[in-house]
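Think of it as A, B, C, D, E and F in the order they're written, each chain with its own count starting at 1.
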């Protein structure tokens, strides 16, 4: 018997823009392209949270998915779903809402509650559109 | 040989909210739920435009998909992609940005250019999230 | 402005078998193949419920999707999800659990509550596997 | 009880080009674009065949899907899968391999065998890429 | 030239429940939730088997996918497809049918036959629903 | 803050066959099966290119996706899309067009331009059909 990786999918819909106040409109447009639109745009984000561990011999579970889902929903989905990332979300204040920065902030929030639930956070994957997504392993470089 | 229906898929990402200025916050919340969030939210919209007709004997085409794609991109995708539906889109001014209203406005815009390109607009389908979409047949009721 | 068709997706996971008590094992195997396995098998079913109507001028909605989702969840998903169709589901008692029969029974259950919510049930689609699904229009034959 | 529509999905991978011998290279390029490449290109085609009818009271089936699948595989998939549509497929000889023409030829081939198996062919849908597909109802115009 | 990872997808539909005979109904319900339903429920499982190795210079293949598919179908799909995991499957006797335990048992079965076919089993991924899946690397912890 | 992995999806449609001139027809059929069809077949290929790195503090980006997309389109998609891999593609000359060999050749082409754009190529994944795909990490063996 050995370490398994179990993944839970959750979704949220949010508005954001990529924009730096300390840059000109031109600079913002040049770097962020259409994502810099002043009045925001939005996405259906798809989030995958992966937890690793040995299956519990009594339950066959690395972690109870119902509990994992509750942690993700309370700490990530509720603050983000049907919100504006740049204006409404406390844990994203003063953070450029790139997909890379999002997964890093999510890791900081999820790591300890998942540990307290008996699991080890191993990976966060966030799909922004069908054409791009980001994966984060807590800074580890598995490949 | 008979009538075929050909469909082109295009995508856009946009912010919107469902909100009536003439209603209280409470009324907006009650009717529109999370979609009424004041600072907007957003989606990856997926649009399917269906054109019907007899295949041209010379080309085997009901309509040239390259031409159909150009019409959709110019008239629908460019005004909407990476935009705020409530603030940035001329053809949605003063229109509640429900999915139903979106497809009706898109029909008005696409019907004639597709006709001039030799086709007949038959259906518009707009997917807002993986859990809901709207179809419109120009007011016809096929079922 | 004209009639729109709005669709809500819901999912459930259930066990079933295709089996007639009044047939021999051989006859059951011959007609139902692997689906006749005595100890059941199961599927992740995906259900699409389509409601037609004119968008309400005040809300832009054919029907409020939150309300539609509640109707489907209460009347269809809760009785079926994580259940055995042949043993646990009152509205399927004495009914062969083919996908065709499922959508017909669902129609009978959903038609009136959706009408009372201000909509008109137009179509039920039930996906059993990635390779087969059934559509039902209340007996209408749109094509 | 009423008419149901049951659909079977099958897949095939094939090469083709859109090209007319009686046109110049320039004319072919202008009309067919990249699809006119002299040495062919190819697709993973996804085929959906829909059969309508009343469920048989003994089986709950409009048509036995195993039988439907065998008909499609024998008559459509085997001649097309891992083949060149322009060179290898008898039923496409001298036919421009547009998606429209493909579904019309498939209808001619499938209609009678499905009728003999007790069903009525109602619709063929052929997905060529994630961005385009064709639907055919035997020449009927349901919308 | 270097090590490649090739993956084959196979599917099966099965019934199961999560249930311990040595626990009370209450304890089973508390831990396993809806998955403890006495009469079983079921899923469309999607299995991905990944084999690593250097491509053979003569064939360009890490492993012949036809051979890999045959191994998976004979040893995993046939015993599981349209079966009840708790009652019908010899290699799952006395094993709690959690997704974690399933991939561990599949690894034990597939490792040697794949080795004898010239490949090295590198990963098994099993999707139970669109919202959860498990990955297993033979006990290795790549991240 | 730590290393993130960002992935861009691109697609292309191409014809190919698996065939060795120095083998008999029988040997080609035996090893390559239907893929050896003399007149080619084809696929809708889906390509995922993953780049790793620390997010730039000014932009939040590991790499600008617009720039990454341009690199992939210019060097991989344009030479391959709507082409015959065996006849039309300079970087595949004299190379057996197995999926394994394709990703290895793509790596050689993409590694340096991505490095010059400030990123580090970490993984290439190429989906040939819904049932098989290959992953390549530049020869590394992460698992």
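Methods note: a contact is a pair of C-beta atoms (placed from the backbone, for glycine too) under 8 Å apart; a residue touches a chain by one contact, two chains touch by 3 or more.
This structure is a prediction, so every number in the text was calculated from the model and none was measured.
In the contact between chain E and chain F, the residue numbers used by both copies make up under half of all numbers at that interface. Each chain gets one centre point, the mean of its Cα atoms, and the points for chain B and chain E are 41 Å apart.
Rounded to whole angstrom, the centroid-to-centroid distance between chain C and chain E, based on C-alpha atoms, equals 29 Å. Of all residues in chain D, those that touch two or more other chains are 130, 137, 140, 142-143. Shown here, the protein chains touch in an arrangement that is not a line, ring, star or fully connected set.
Inter-chain contacts occur between A-B, A-E, A-F, B-C, B-D, C-D, C-E, D-F, E-F. Those residues of chain F lying in contact with chain D across their complex are 11, 13-16, 34-35, 37, 39-44, 81-84, 87-88, 129-130.
Against chain E, in their complex, chain A makes its touches with residues 1-10, 50, 52, 55, 58-62, 64-66, 69, 122-123, 137, 140, 142-143. For chain D in complex with chain B, the touching residues are 18, 20, 31-33, 95-101, 103-104, 130-143.
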